[in-house]
Amino acid sequence: MSIDERLADLGLQLPASPSMPAGVVATFSWVRTVGDRVLVSGHGAQDLDGSPMGPFGRVPDEVSPEQATGSARAAALSVLSSVKSAIGELDRITAWVAVAGYVQAQPGYARTTAVINAFSEVILDVFGNEVGQHARTAIGVAALPLNLPVVVAAELSLAPAH
Amino acid sequence: MSIDERLADLGLQLPASPSMPAGVVATFSWVRTVGDRVLVSGHGAQDLDGSPMGPFGRVPDEVSPEQATGSARAAALSVLSSVKSAIGELDRITAWVAVAGYVQAQPGYARTTAVINAFSEVILDVFGNEVGQHARTAIGVAALPLNLPVVVAAELSLAPAH
Amino acid sequence: MSIDERLADLGLQLPASPSMPAGVVATFSWVRTVGDRVLVSGHGAQDLDGSPMGPFGRVPDEVSPEQATGSARAAALSVLSSVKSAIGELDRITAWVAVAGYVQAQPGYARTTAVINAFSEVILDVFGNEVGQHARTAIGVAALPLNLPVVVAAELSLAPAH
């Protein structure tokens, strides 16, 4: 089964490429490919048209843990959309390597792991435990671009298995 | 001298694999190996049985800088334990590559460098200046998983020297 | 045109190697080269003599967004100085890979992207869109070493194009 078929099976639809609000300029690449390595910039939840998707704000006082979980899940689809644009077919991915999850968090909020788990679960569901497994950090930060509650960056590999 | 002998010489004992408190699920790999690269997830201080080790909280108002230094040193042993489980022998490491240190910090706490130095010192003591050297960031964040005061992620290399 | 000539053309002068204030010890490498990969530690703005350059503090209440932009631009020059020391000639760089930008930010400050854009713009101006492009994260954190408003880490590649 191809990754696209797997996504359809799971009822997951990828958003369009990230579209920034008026006045926000992105001087970086959403995905940078160097050799077999695929570096993915920090992505947040996006609506299907690619625009930033709420809720916005801090976890858990402005955005509930449940909402943050949804935002992390949506961020996974944003990442997949950008990676697909960059490499053509998601089936080319041979390994997820590392994931860096950032939660806009109230000081001392100790449950960032649970929030970023929602990102990882999408990746493992879609790619399976072999390809999808990844090292990870999940930290709580003071501020995120666009006031997003969750931003996730990642590295993937296209290297042939050997 | 093997790394295990070096650790014994320094009186350093590695904890068991990370064991999460009830209700905390880790959907990521503590170590992800891709080719010659070893990606290590964020680790905090662990007791010898692998459970999270206190003190917990924010530096310096809840956890003193001295305590945070101890936590960073313990995080180094947690990382070494997980890496050893993943690759079999720590002697296979040919280079430490990069270290990302996160301190749960009071806003404006300007001494995160000193805290994460304790992590780096363990690595340099055990692996020497050639293999052990690494690029590093040491930042203060609003929140960390399990309310840990210090979490450290890393990348290592198993590539043969050439 | 060489990168050094390009820097001169743009009127950009690289500072000396980072020099830490009394009492601050750096137990890491400012740049770590492993094979074709160049890992760059977090750098802030530096005066031409290599010492940390103000303003210091939090964005936007202690350091204005305009000042933070200047700090991000200066951090790019700090990074270039350290990389040049490590690899000899900046012309050896074949690809910027990834940039991690950290802004010491007031909780909820949603404009970290604009601050770190100033770093990326220097890189793109100096190296062009092909070599200079990079994946990026730009997050707001509670604290940074030396009370710097902006710290940026990066990865570059020396691999020959193929």
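Structure notes:
In order of appearance the chains are A, B and C, and numbering begins at 1 in each one.
Just so it is clear, a contact is a pair of C-beta atoms (placed from the backbone, for glycine too) under 8 Å apart; a residue touches a chain by one contact, two chains touch by 3 or more.
As the structure is a computational prediction, the values presented were derived from the model and not from experiment.
Summary of the copy comparison: rotating subunit A onto subunit B for the best CA superposition needs 120 degrees, to the nearest 5. By the residue-number overlap criterion, the interface of subunit B with subunit C counts as different, with under half of its numbers used by both chains.
Distance from the subunit B centre to the subunit C centre is 25 Å, each centre being the mean of its Cα atoms. The set of subunit A residues that touch two or more partner chains comprises 107, 141-142. Those residues of subunit C lying in contact with subunit B across their complex are 24-32, 34-35, 37, 39-42, 57-58, 100, 102, 104, 107, 141-147, 151, 153.
Chain contact summary for the complex, subunit C toward subunit A: residues 95-99, 103, 105-114, 117, 120-121, 124, 133-142, 155, 157, 159.
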